[in-house]
Amino acid sequence: MSTVATTSTPTREPISSSKPATPRTARPWRQLLPLGILVALVLAVSLAEPAFLRTNSLTVVANQAIPILLLGLGQMFVVLVGGIDLSSAALASLTTVLVATWLPGMGGAALVLTLVALTVVGLITGALVAWGQVPSFVISLGALGFWGAVSLVVSGSTTIYVSQGYGSISWLTNMGIAGVSSAIILSVALVAVIWAVMRYTPRGNVFHVVGLNERAALMAGVRARWVKTAAFGLSGLFAGLAGIVLTAQQQSGAPQLGDALLLPAIAAAVVGGCAITGGIGGPWRVLVGALVVTVLRVGGAVAGIDPNYQQIIYGAVVILAVALTIDRTRLSIIK
Amino acid sequence: MSGLGRRFAALAVAAVATMSLGACSSTNSGGGTASGQVSDDDMIMVSAVRSLTNPYEAAWVEGSQAYADSLGIDLQTIVYNGDSQSALSQLQSVLAGGKTVLLNINPNTTADTPAIVNAVRAAGGYVVTQWSKPEDINPWDVGDNWVAYVTYNGQEEGYDTTQTLIDSMGGSGGVIALQGLLANDISQSRFAGFEQALGEQSGVTLLDQQPADFDRNKAYTTTQTLLNQYGDQVTGIWAATDSMALGALQAVTEAGRAGQVKIASAADATPEGLQAIQDGNMVATYTTDPYYNGAMGLALCYQAATGALDVGSLPHEDRAFYVSQTLITADNVADYATPPTAEQIVDSVQDPLGRNDGALS
Amino acid sequence: MTAPLLELRNVTKRFGATTALDDVSITVHQHEVVGLIGENGAGKSTLLKMLAGLHRPDGGQVLLSGDPVDLGSPARAARLGIGVVHQEQSLLPNLRVAENLLLGHEGDALRAGFFRRKRLEAAAAEALATVESKVSPASLTEDLTFAERQMVEVARAVASRRPGRPPLVVLDEPTSVLEAEDVAVLKRQVMALREVGSVIFVSHRLDEVLDFSDRVYVLRDGKVVGERTSQDATEADLFRMMIGRDSSAGFYDEGRQRPADPDAVPVLSVKDLSRRGQYSGVSFDIRPGEVLGLVGVIGSGREQVSRAIFGAEPHDEGSIVLDGQPLRLRTPAAAVRSGIAYVPAERRVEGMVGGATVAENIALVHPGRGPVVLPARRRVVAQEWAERLDIRPRDTAADMARLSGGNQQKAALARWVLADDLRLLILDHPTRGLDIGAKEDLYKLFRDLCERGIGILLLADTLDEAIGMSHSVIVMKDGQVTARFENTAVDGKPQPIQLLEKMM
Amino acid sequence: MSATPVHDVATLEQQSTVSRPKNNRRLLLSAGPAVALVVLAVAFAVLTPGFATVNNARAIVEQASIPLVLAMGSTLVVLLGSVDLSVEGVMAACGLTFVLLASNNRNDNDLGWLAFVIAIGVGAVFGVVNGLIHTRIRVPSFMVTLGTWFIGLGMATVLFGTTTPQLQDQTFRAWAGGRWLGVPVVIVFAALVTVGAFVVCRYSKLGRYTYAIGGDEAVSRVAGIPVNRFKVIVFCLAGALSGLGGVLATIRLGVGDVSVGSGQLFLTLSAVVLGGTLLSGGRGGPLHTLVGVLILVVLGNGLLLSGANPYVQQAAQGLVIVIAVIATGWPVRDRLRVVK
């Protein structure tokens, strides 16, 4: 995880033994590789199980990918600024509990309240990281433990089934266009919005800049501490969104419902081509990454591989996918 | 992503969509079909479990296999390794195969149940869920496709095993309780049974209770720590499962107190647990007969699909009920030492409601 | 006559479409110091990287003592006796000095995979002694000053030679960060090295090149455009060969230096600025269009003062007033909003964002107004400044890290000066490591800014630069202001020796 | 001529703010976690009866033993600036390999010590594979080891088959709870590994090169260090230590179990980071990790003994970690400090 780095004393830029790189636009095929992997994976699974190619199965996969995508997008902001958020999946679990608890009484307002709460939770983590000047790995680990306990307490450590007020969120999975659920449509729209904001607004590249060289950003008057805090706030917000979709999909909230999605979400960001060292990545990459990870997670089983060997295949394909897709031209050192 | 990338993505999506159009005509028309007459050839049986390295679930799958083989119907085993998403996706892809799915599932979490039964209902299959479901959703609310929900009386398990433990301690002393994951309903009901039994007497006191997350190692370290704290006060340990009881046993043995500290497990009857009872290292466990569990769920679905069982007319107590189970102690442990044969398993589920032990309390 | 120690025959090196080295032939004899000069981008770094074993030539031959060799890898180059002191420091801050010195060639200080610490430190001490460095081999490298580290690097280049091979030590800009006495030590060391082997000496300082070297090669556009023995060459000759034209009169563009209006409200007014243990009672004013030079040696506190004005470091007491408005700066961001700009000395660490494009770097401080900024618009702005400041290549979509130092510095400056509300520009070693052409461009830019009424606080690279550029010069020593030379445009410039007296 | 500066007597270099950290700052950073450990221990000793007893101290050390073995391997990898997520998978694969090769109830194997060696060898092979894929195919270690984590779990699942294999080798069974020269066996292993890791990091070429590579990989390469080879060796060592940890945990359980390592990855990695070894590499070391492991074990043990509600325990654990890290880092805060 070369993820995470602390340097209070920057060393001088090392002499690089890498060859002068080709301009960044020289290899467009590189950017297509994650997509190629996705298509190849889908085709491979379909060869073994043709039923996989039906719209029905594919939309199922897409639906499954949404929580990973949303968590991955939140993770992207944190990874872009050079950190990592281990608490995001636990926050999604907390969301499902809050939503399931509040929906019957408040209806749609519960969603707004939850998102606000989760954003604040993320901002707290971010503020501790930014102004405490401590590694995000440890702080978010502490947050993971703390908010996990809060989920358990709030839920009475049980699953809360949503019956009354489910209408406020059921449209996310039940409604849609041509079998494509509104959760999918909204998530893709969200990806497009993030992309547009990052590209077309004056400060859109600020996460990238802070991730590439935080000190230089500081010296250029960028409020880097706020940017980092905001990245965690966004991670909290997206964990909230992911939690709402999970609640809609499962029609219930539970204190550990989303916990298992932490590594897939990080993997989605990395497989899509975000550098875990920060500064490189974007929402479209996370979208493709989330789909790849989801197909990987379910593909082995769908293709009918002996359950005993599925994990081996899964592990091998994860490595293979990253080996093929990672853009090494912009990383002279792979950690 | 570059402009080229976006164009390529659009192309890929279009291509996939075109391909799928041709393929989807054969999809089963879904939705709430009543108990019908589906022929064996159009069926596929699915047994879904968390992992195959868990003795309980391994035996469950063996039971399922025996039953499916007896009818000559294909069995697909879904192993989801504790990943709810994986469970649902695998199920969806089997459902998309077009055959009528008969599903017997041990859901990963309570929260998974609605999504699973809705998916099966939409595809016109039949499902029996086991062990856990959200309290306020029931099979008869969803329809005939959710044939039944069966579970096992955790409170009874906790109560009976605690009684045995108290007896073995001679009715006095101090006991430590190890729960499973805090958020787990089953663990909670077993612990409720434990508390009930403890409350009905006054000789044995509860020294401490901790969650050990069903984890053998965590049970080991927790017991080790608590043994240090309470010393000789501890004369009994109750654990919600065999694996935690075995972890505790390890710590007790290392502390040189094997035999002095009595250990009871509330569930699972794993080969190791049974061995420990035979060796006198444990006093009790409970069996729900995993072979039966694995076969019975499929049998219910099969009878619903063939029309042998009219699901719609079943009373609620036959749609959500406890399955009878047996306390295992040193007295009867020998009876469970050898696994049942395939014939025995198939015979036991000829009347899949035969072990109905009453409606959920 | 014996074969020359090093001979490059018609060496060529291409990167894609650009030819970095074009048919270069260079000879270095035994017991000779050869100077190598050229503008940024002339091919010096490529040549040095080739000698260090980092690049392979595409054509031509490298001969050592008459034998054709393949330098292949850094380890191989070191084994063949070539020690390179890179311009960018290449010591590992988290290791001890002794470990750094002998990294990769520990010899008998290693036994069965384990270090024999005594032997290692003895060997290191020996190497350090050859450069008269008093650094302890056991100290942690990150605790050394920059100059101390530089000396360790030179020691390492010497120490890496194999017995039996005369050493060839390549020094890339070794003096740019050294203090006067260290330069003298270096000179002695170079002369000592000449007794046993040879030295290639690369520098922007023409006077130093002439002082150190026996012979000088001049590179331009990847070609050798001249070779002179030091006795026969003058700085003017070398300059002409390097740039391809005569030096323009008035290097510092002093003709455009106008006296500042004494009655104008100062852009910046610093009063009794103090920080415990660093500096105290520092006061000065900078008027619109005025350049104030702040000089002093290490530990004088001038850098801390300048960073405090930018909000990058705290101060304990005193006031900072900008255009009559008192400031309480807690962060650089607050300073930037007040109209203060800072060009840091450590360009790569603090001054630019490598990995981002040139356009993004230029837009970093003032990304544009309004909710939407089209990338095309950003490119156009960047392109304008690339033209105005002659940033090469003009491709503003290129990665900032790929540019040469001078062009990076221009882009780093562009991001500040493109704003209309800039009031004060703090320049910390703005011309460090730049070639003469780039320096001239920057000096012109500074004069332009003065004409816009902007105040400049200059921490100059050299005393000459400070004197040449500044309206006023303030000397600091041990955290105190020890001398002021004001209104120099009218009253006449101080002499370097006057400043030195107050600095030391 | 005026073109070039003539009086370059002084280039008045002032670097101290950037390139010269204060010595005491580093000391504070190193000592912080140790101070936190002492504060925690004293707090629990005062507040919690049963904490400050000889038996509990022994239990703490025993519980820290297997995490220590794993964390030492993890430390080496993190010092490189890489990370090894495959710990749990390797533990499972090695644990099952060990049980199935030693005397057990599933097959007739009885290789004794050879089983022990082969199992650790399997871990080393995992490490070499990690290292080779990471260095040769240039895949970030995060993703490589994430993949081999699942491969390890999958291999263990395949080896597990359908019934739990039980360890029957009496020599090894005796290790569980057994003592050598009065010291519990796991503690002996943990002590050997910790001392070994310390010696390697402090005095060996491997250790110092690991610091060099973690400090600056490009510079290390230029200095002629065969970076890739050393990375593979370090990953190999980490894999072998994961294997050893898996075997020790398996011996303690007495059975082969696919989930033998569950939870160990987060525990060990947190311990490494909490102890002050930077994930960016080059700084920290085995002693830091020792402190980190002890902090986490003491925290868990003390909270358990405090009798607090389990929810409160979990929340408190999270809070204490956050507070400890922020408090120990507080004195070295700085306006421009960059921490990721």
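Should a chain be cited, it is by its letter among A, B, C and D, assigned in written order, with residues numbered from 1 in that chain.
In this section, a residue touches a chain if its C-beta (ideal position, glycine included) is under 8 Å from a C-beta of that chain, and two chains touch if they have at least 3 such contacts.
It should be emphasised that the depicted structure is a prediction, and the values quoted were computed from it without experimental measurement.
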item: Most widely separated chain from subunit C, with each centre as the mean of CA atoms; value: B
item: Chain pair, B-D or A-B, that carries the greater number of C-beta contacts; value: A-B
item: Intercentroid distance (Cα basis), subunit D paired with subunit B, Å; value: 36
item: Whole-Å gap between the CA centroids of subunit A and subunit B; value: 32
item: Euclidean distance of C-alpha centroids - subunit A vs subunit C, Å; value: 42
item: Centre-of-Cα separation between subunit C and subunit B, whole angstrom; value: 70
item: Multi-partner residues of subunit D (each touching 2 or more other chains); value: 18-21, 157, 215-216, 219, 221-222, 283, 311, 335-336
item: Overlap residues in subunit A, where contacts from two or more other chains coincide; value: 9-12, 14-15, 17, 152, 157, 215, 218-219, 308, 310-311
item: For subunit B, residues that touch 2 or more chains besides their own; value: 52, 182
item: In contact (per the touch rule at the top): chain pairs; value: A-B, A-C, A-D, B-D, C-D
item: Subunit A-touching residues of subunit B, taken from the complex the two chains share; value: 1-2, 4-6, 8-9, 12, 16-17, 19-21, 23-24, 27, 52, 76-86, 88-90, 92-93, 96-98, 109-112, 114-115, 132, 134-137, 181-185, 188
item: In the complex, subunit D residues that touch subunit B; value: 49-50, 53, 55-56, 59, 62-63, 156-157, 160, 162-164, 166, 176-177, 249, 252-255, 257-260, 262-263, 300-301, 304-305, 307, 310-311
item: Residues on subunit C engaged by subunit D in the complex (per definition of touch); value: 52, 54, 73-75, 78, 90-95, 99, 103-106, 110, 113-115, 117, 140, 142-147, 149, 175-180, 183, 205-208, 234-236, 239, 247, 249-251, 295-300, 302-304, 307, 311-314, 330-332, 345-346, 349-350, 436, 459-465, 496, 500, 503
item: Residues of subunit D that touch subunit C when the two form their complex; value: 1-21, 23, 26, 203-206, 208, 211-212, 214-216, 219-225, 282-283, 335-336
item: Touch list for subunit A against partner subunit D, complex; value: 1-12, 14-17, 81-83, 128-129, 132-139, 141-150, 152-153, 157, 214-215, 218-219, 263, 267, 270-271, 276, 278, 308-319, 322-323, 326, 328, 332-335
